[in-house]
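Same chain, two partners: chain A is paired with chain B first, then with chain C.
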Partner chain A sequence: MDLSKRVQLFLCISVLVLLIPLKADAMHIMEGFLPPMWCLVWGLLTLPFVVIGLKSIKRIIAENPRLKILLAMAGAFAFVLSALKLPSVTGSCSHPTGVGFGAILFGPTVMSVLGLIVLLFQSLLLAHGGLTTLGANTFSMAVVGPLVAYGVFVLVRKMRGSQSMAIFLGAALGDLLTYMTTSVQLALAFPAEIGGFAASMAKFMGIFAVTQIPLAVSEGILTVLIFNAIAAYGKDELKLLKFFPEGGMNHVK
Partner chain B sequence: MSNKAVDAAEKNSKMINLLLILLVIALVVVPLFIAKDAEFGGADGEAEEAITEINPDYVPWFSSLYEPPSGEIESLLFSSQAALGAGIIGYGLGYFRGRKAKRDGEGK
Partner chain C sequence: MISIDSVAYMSKLKKMEPRQKLAFALVTLGTCIWADYVIVSVAVIFIMGFTTVCRGGVPLRTFLRLFTVPMSFLLLSVITIAVNVSELPELLLISIPLSGKWIGVTRHGLHEAAGLFLKALGAVSCLYFLSLNTPMVDVLAALRKLKAPKLLVELMGLVYRFIFVLLETSNTIITAQNARLGYTRLSTGYHALGMLASSLFIRTYKRSDELYTALESRGYDGELNVLEEPYDSSLTGCAAAAAVNTVLILASIYLK
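Let's look at the complex of A and B:
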């Protein structure tokens, strides 16, 4: 089967990359660990996406009140996945983000809002991430992640890839790019004395991005699974979002 | 599509879903065997260490307002987060399924 062959190829490549041994923990940027200037920069960059997202959510609910339940499920999916700290081949743990699912359903900015809520919950109650780093973490997980997931999904569909493949690649790459963004953010704030930005970047990529690869694959698969489950019973809602018939993917504006 | 074809397609997609679930489980379990001696630390300590290595003078300028007093409390909060999310997803899927069952029943 076409789909599973491509999945297999993707997995093989991932596993090969993973065998490079590296010990690292990966997650959001810790409280107080980003200089104030950068906190401000990332916060300001994130703000417009959240504002557009809020408007977008309002419009979706006003136009189709019955989509509320699916919207709640998109947020819930991010809640579950970002609570699961999974072991990685690098010998440390990290968690997926779960934002790709909602981004593919509702468009990326909706997840900027829902992702922000998840991050706020974690920084207030779990000392995970932080309030000062909320802008930067929201930018990576709830702006870049959803944008990539949505963009990849649309691109793969345009290239006539199957819906499942588009969802898998979108969610997996959105997850991976989230943590790559975290690495860039840290490298910008902490350029190494020798080697500068590039050296720091390599270091943080080793910590954040490599650990994330198998988790990104997991996230891709889990997103396909929840989509399948909803497609089996909740076709009405997906039709409202113009997901069916196959091939005619076109989002609500 | 005849009923038989629908049944076959459904069976097929169930198999694929099962396979995908097994794949995710494998992705979680395999690392535990590959990196046998690793600590599987969950804290964000590594990045913290890397930052202090790059810039030894850096002092975090803000600390969390609230920190879970122990690993147990932290895991309580994390599992509550997951439970809340899973509950909503389960509710939604159950609602969809019930609605579909009702409609299919009416159609017959």
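Let's look at the complex of A and C:
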């Protein structure tokens, strides 16, 4: 099917015009987007992490009951943070995920539970994400993201990298890996007609990478700014946080 | 502050037993995703729209405006699925050449994308039925009765209550920052947002500390128990929900 140059140009421009205003903010997979099988698969994969998270929260609370209220406040904080607009490098606005911040401060296991709660509230109160896709979204945002962010943070600290570097890399990579996981989830559920999973993966990665790399960098910078400000102004108040896992707030000077 | 939340409190279906609403929304949602049929998806959108707007008394504009929220994700993903790259232009319905390969859409791809688009909107309408007619407190009550982990439900209840406190604080701070031209440039925007998040966090922390002290002095021993409102459970509602889903399921089996 041969199209004239003019029609081709028109198609190109209309596709561009369609895509440009779409900022992939709040990259949660929406309600009803995944086939039932993948909803179940991601739900089951997420379950053990949530169970471990609940157990570790129980242990933390048994040690210091005051922290239950603090954890709930942290969950609300993450929700409010996700409802804010983030100035991005490209000038557009999008949502900070707060994944890296929470993971570095509270550790990845606690974050899986808090993330689940925040995602559920986002779907019910803000119409971001959904109930059937809760498993998949929790897996990318509250399991993979925090694990990567925390892992990178600890690793960079072990290699004697600076505090800010560790926070920046942790938050940025945690953010990026979250979106990569989302792309994998979408590609697995919708393999391309021509080329299968790999082609579909390339398509989703291509589209989301363009929008997400600047966002990940912004998230990293912002997380560093937040940590610096907290360390400067709130050091005395945050003594309680030493109950959280090694590598958390107690390392911030 | 959160429009869905305030609409839910004004809904005429608020008094209805939340477990019934939860069951109706989830079963219809499941049917819509399982059936994956354009007619079923459209039917679900209309059924949920009808119950929410006519029975629940939710303004039609509110209901329709909510559909724009997931639209950017939906359009972006559907286009990504519909557009394929191939070396053989014969496979594609319409195509554009690009460095030796062809980018375009296939007939099957277009069908799939359109079906997916409607299916997702159908599923979203079920979610909206639930969230526009059921305040979060009732959802939590339903979860408690359904024996969800106690700690999880309690944390959720606390988070829900704190969200509004923090939103108010953050809105006040944002107004103050805007009044001082905090977000006029990108660099000042970063700075302002960093300040906002950190001061919000420190305030959050202090507030939780004070709250715990207040609770403890009133005999808090690790659990917050509140009385639940009585709900109406109607048999006709149950029957209608069951009938709707039976018809939908039978229709999709017949079509398959």
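Just so it is clear, the second predicted complex is superposed on the first by the 178 of 253 C-alpha atoms of A that agree within 3 Å, B and C clash if a C-alpha of one lies under 4 Å from a C-alpha of the other, contacts with A are read in each partner's own complex, and residues count from 1 in each chain.
To be clear about the criterion, a residue touches a chain if its C-beta (ideal position, glycine included) is under 8 Å from a C-beta of that chain, and two chains touch if they have at least 3 such contacts.
Predicted model only: the values in this text are computed from it and were never measured.
When the two complexes are overlaid on their common chain A, residue A:Leu44 makes contact with neither chain B nor chain C. In the superposed model, A:Lys58 makes contact with chain C only, not with chain B. By the touch criterion defined above, A:Ile226 reaches both chain B and chain C. Shared-chain residue A:Val217: touches chain B; no touch with chain C. In the superposition on chain A, contact of A:Leu155 is made with neither chain B nor chain C. By the touch criterion defined above, A:Arg66 reaches chain C but does not reach chain B. With both structures placed on the common chain, the touch criterion links A:Val80 to chain B and to chain C. When both complexes are overlaid on chain A, the residue A:Leu120 reaches chain C alone and has no touch with chain B. Counting contacts by the rule stated earlier, residues 11, 19, 23-33, 35-36, 69-70, 72-73, 75-77, 79-81, 83-84, 86-87, 89, 91, 121, 123-128, 130-132, 186, 190, 192-193, 200, 203-204, 207, 218, 221-222, 225-226, 228-230, 233-234, 237 of chain A appear in both its interface with chain B and its interface with chain C.
Note for the complex: chain A touches chain C at residues 1, 3, 8, 11-12, 15, 18-19, 22-33, 35-36, 39, 54, 57-58, 61, 65-66, 68-77, 79-81, 83-84, 86-87, 89, 91, 96, 101, 113-114, 116-118, 120-121, 123-128, 130-132, 186, 190, 192-195, 199-200, 203-204, 207, 218, 221-222, 225-230, 233-234, 237-238, 240. Across the complex, chain A is touched by residues 2, 4-5, 26, 29-30, 32-34, 36, 66, 69-70, 72-77, 79-81, 83-86, 89, 91-97, 106, 108-109, 112, 116, 119-124, 126-128, 130-131, 136, 139, 149, 151-152, 154-156, 158-160, 162-163, 165-167, 170, 183, 186, 189-191, 193-202, 204-209, 211-212, 215, 222 of chain C. Interface residues of chain A facing chain B in the complex, by the touch rule stated above, are 4, 11, 19, 21, 23-33, 35-36, 69-70, 72-73, 75-93, 121-128, 130-132, 186, 190-193, 200, 203-204, 207-208, 214-215, 217-218, 221-222, 224-226, 228-230, 232-234, 237. Touching chain A in their complex are the following residues of chain B: 13, 16-17, 19-21, 23-24, 27-28, 30-32, 34-35, 37-48, 50-51, 54-55, 58, 60-68, 74, 77-79, 81-82, 84-89, 92-93, 95-97, 99-100.
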